[in-house]
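One structure is given here, and the rest of the page talks about it.
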Amino acid sequence: MSKILVINGSSRVDGNTEQLTSIMLEDISHTHIHLRDYVIEPIIDKRHTEEGFSPVDDDYDQIIQSVLEHDILIFATPLYWYGMSGYMKNFIDRWSQSLRDKRFDFKKEMGTKKGFVVICGGDTPYMKGLPLVQQFQYIFDFVGLEYIGYLIGKGNAPGEVLKDERAIAHANYWNGYFKMI
Amino acid sequence: MSKILVINGSSRVDGNTEQLTSIMLEDISHTHIHLRDYVIEPIIDKRHTEEGFSPVDDDYDQIIQSVLEHDILIFATPLYWYGMSGYMKNFIDRWSQSLRDKRFDFKKEMGTKKGFVVICGGDTPYMKGLPLVQQFQYIFDFVGLEYIGYLIGKGNAPGEVLKDERAIAHANYWNGYFKMI
Amino acid sequence: MSKILVINGSSRVDGNTEQLTSIMLEDISHTHIHLRDYVIEPIIDKRHTEEGFSPVDDDYDQIIQSVLEHDILIFATPLYWYGMSGYMKNFIDRWSQSLRDKRFDFKKEMGTKKGFVVICGGDTPYMKGLPLVQQFQYIFDFVGLEYIGYLIGKGNAPGEVLKDERAIAHANYWNGYFKMI
Amino acid sequence: MSKILVINGSSRVDGNTEQLTSIMLEDISHTHIHLRDYVIEPIIDKRHTEEGFSPVDDDYDQIIQSVLEHDILIFATPLYWYGMSGYMKNFIDRWSQSLRDKRFDFKKEMGTKKGFVVICGGDTPYMKGLPLVQQFQYIFDFVGLEYIGYLIGKGNAPGEVLKDERAIAHANYWNGYFKMI
């Protein structure tokens, strides 16, 4: 049985992204992390300094430990300004630090996992979310995550995505998928 | 004479993005803001709450005031994980708050300005930076910024972009352009 | 009841694209045109010549007449080399001629219709078909077709798409959709 | 000295695409093929039939022989409906046949060559040409062509691209590049 981790980039409690993800994972055991509940400092790029990256006193490491313990990583983010939220971007930017972490081989670990993307947005997300879908392809390729797929939903006001039948149909398909792996 | 503001999303002093932007703006009067020097909280989406957005005690407002005073906004960001940096994303995410700011009409103000994008990355940025170029199109369209163009450079280690002759040639072209407007 | 026209760009009888489209339109009245059954000359761009476009002695006009008589246009194409097939491209290229056709106002006519895209490909079509999805956005925007959505399927050898459960689930969703409009 | 072949997909004599390409290759020895001067039948996909592809009596083979004799392939196409022209698409579609040609190993041959893309369009080509830039990435990746880069120009009426200073500056940069390889 695959261990599933949802990394949620929304700033809102029970927002559309969370609701759609919940439908997709109904009756499926998983861990759900809300990045907004953690302190994650933005990256300070020290790849090319002599001393390398400094330890950062925040919650990033705790989340990475959880990442390492799961098999499937679901990146669930509202489409803020046609990209992932700043919460999620700051988290992923810090992977540059993990790539140089001596305690583990980040790429090797990620190379054994699979990634999935959930995007909810109010402004024609099925089209304007596609650059983000492509960005995740590049991100996943770089660390070796296998790209399972993506689920897009349309919703702005709370609960709106529940009326997006296209999204719900897709979520139900993926529910069946995640139940099998 | 147009007033030019560079909004720089790099975490590094004198990084490739800054160097390329400097070449592009040589002998051209402009203001250069490094987002890393400011405290910008991530957005807390309160668009759909009764009370609306709460005032945030950070430096965001100061930067927006500067934005409003300039005619051309140059978004200069390293390509972190195939997107804009978290510094810049958090800044732009907060525009959702400015859209509801009673002191000014954000879209109307932005609609009188022009935007430009500078991207520097180490991993085939001329291809893998294109989703970000498209994302900015959607961002600019939403607020009404006219998209002047974009400048991409290849560079990872400090100073590397200076050896990217393609980027330098493009930067020189844009230097001529910005001298004329 | 909307009148539906499928414009199929495949070179193969009963290929994956046709099969997926058939599932999507099961029990729904529609017309299905295979472009391979018609002679459509490539465009000769005469937009900027004095004499303008010359009449072309082929089957293009017959298809355009059918286009004008339908409300929903479904562009169904295999993903050949990560784009629409040459059959379909030659057909769409000729729209430049229809835009100058005095017998009707092509944009005005198209502006009353809706467009949909079906893409089947063998090589990671859910990702590598996205530039084509975006291209159709620009095409539809130009002539004023409303972009209903898109359906992607994975299949190479004949019948393979029938095993793509993701595609079938989506096709079923759209079947419900097209039954309602 | 690299042998350069321009494969031109325009339907127009001395159009913008041709003019921009000529500036890019000024004083550089090269062969220039206009696909409109050849008869190239659309592909008939027989990959999955027992008998395989049938020989086609047209000019495709002649062009492929020329392709095989050159080191650098420049795909120069007007942006027709936000994609390559049908002339060029029919040509590339036929590569599926060359992949099964017993006389040579198409991928192996292509894997020793480099590709470049020139695109001229009238409607915001610097943005709306990007899906085509990405499509060529997938095409080149598939056959193993190294993607040198791309040159975009804005022009609709004949000669218009000559006034696109951005395109001319880029063309001049690439002229220097092609003189060196």
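The chains carry the letters A, B, C and D, assigned in the order they are written, with residues numbered from 1 in each.
Simple rule for what comes next: a residue touches a chain if its C-beta (ideal position, glycine included) is under 8 Å from a C-beta of that chain, and two chains touch if they have at least 3 such contacts.
Small disclaimer: the values here were computed from a predicted structure and weren't measured.
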Same vs different contact residues, subunit B with subunit D, by half of numbers used: same
Centroid comparison with subunit A (C-alpha atoms), farthest chain: D
Which listed pair, B-D, A-C or A-B, duplicates the contacts of C-D in over half of its pairs: A-B
Distance from subunit D to subunit B - Cα centre to Cα centre, in angstrom: 34
Rounded Å distance between subunit B and subunit C, as computed from the means of their C-alpha atoms: 38
Rounded Å distance between subunit A and subunit B, as computed from the means of their C-alpha atoms: 24
For subunit C, residues that touch 2 or more chains besides their own: 134
Full enumeration of touching chain pairs: A-B, A-C, B-D, C-D
Contact set on subunit B toward subunit D in their complex: 126-127, 130, 133-134, 137, 147, 149-150, 165-166, 169-170, 172-173, 176-177
Touching residues (chain side subunit D, partner subunit C) in the complex: 10-12, 15, 36, 42-45, 47-48, 78, 80-87, 89-90, 92-93, 95-96, 123, 128, 131-132, 134-135, 138-139, 142, 156-158
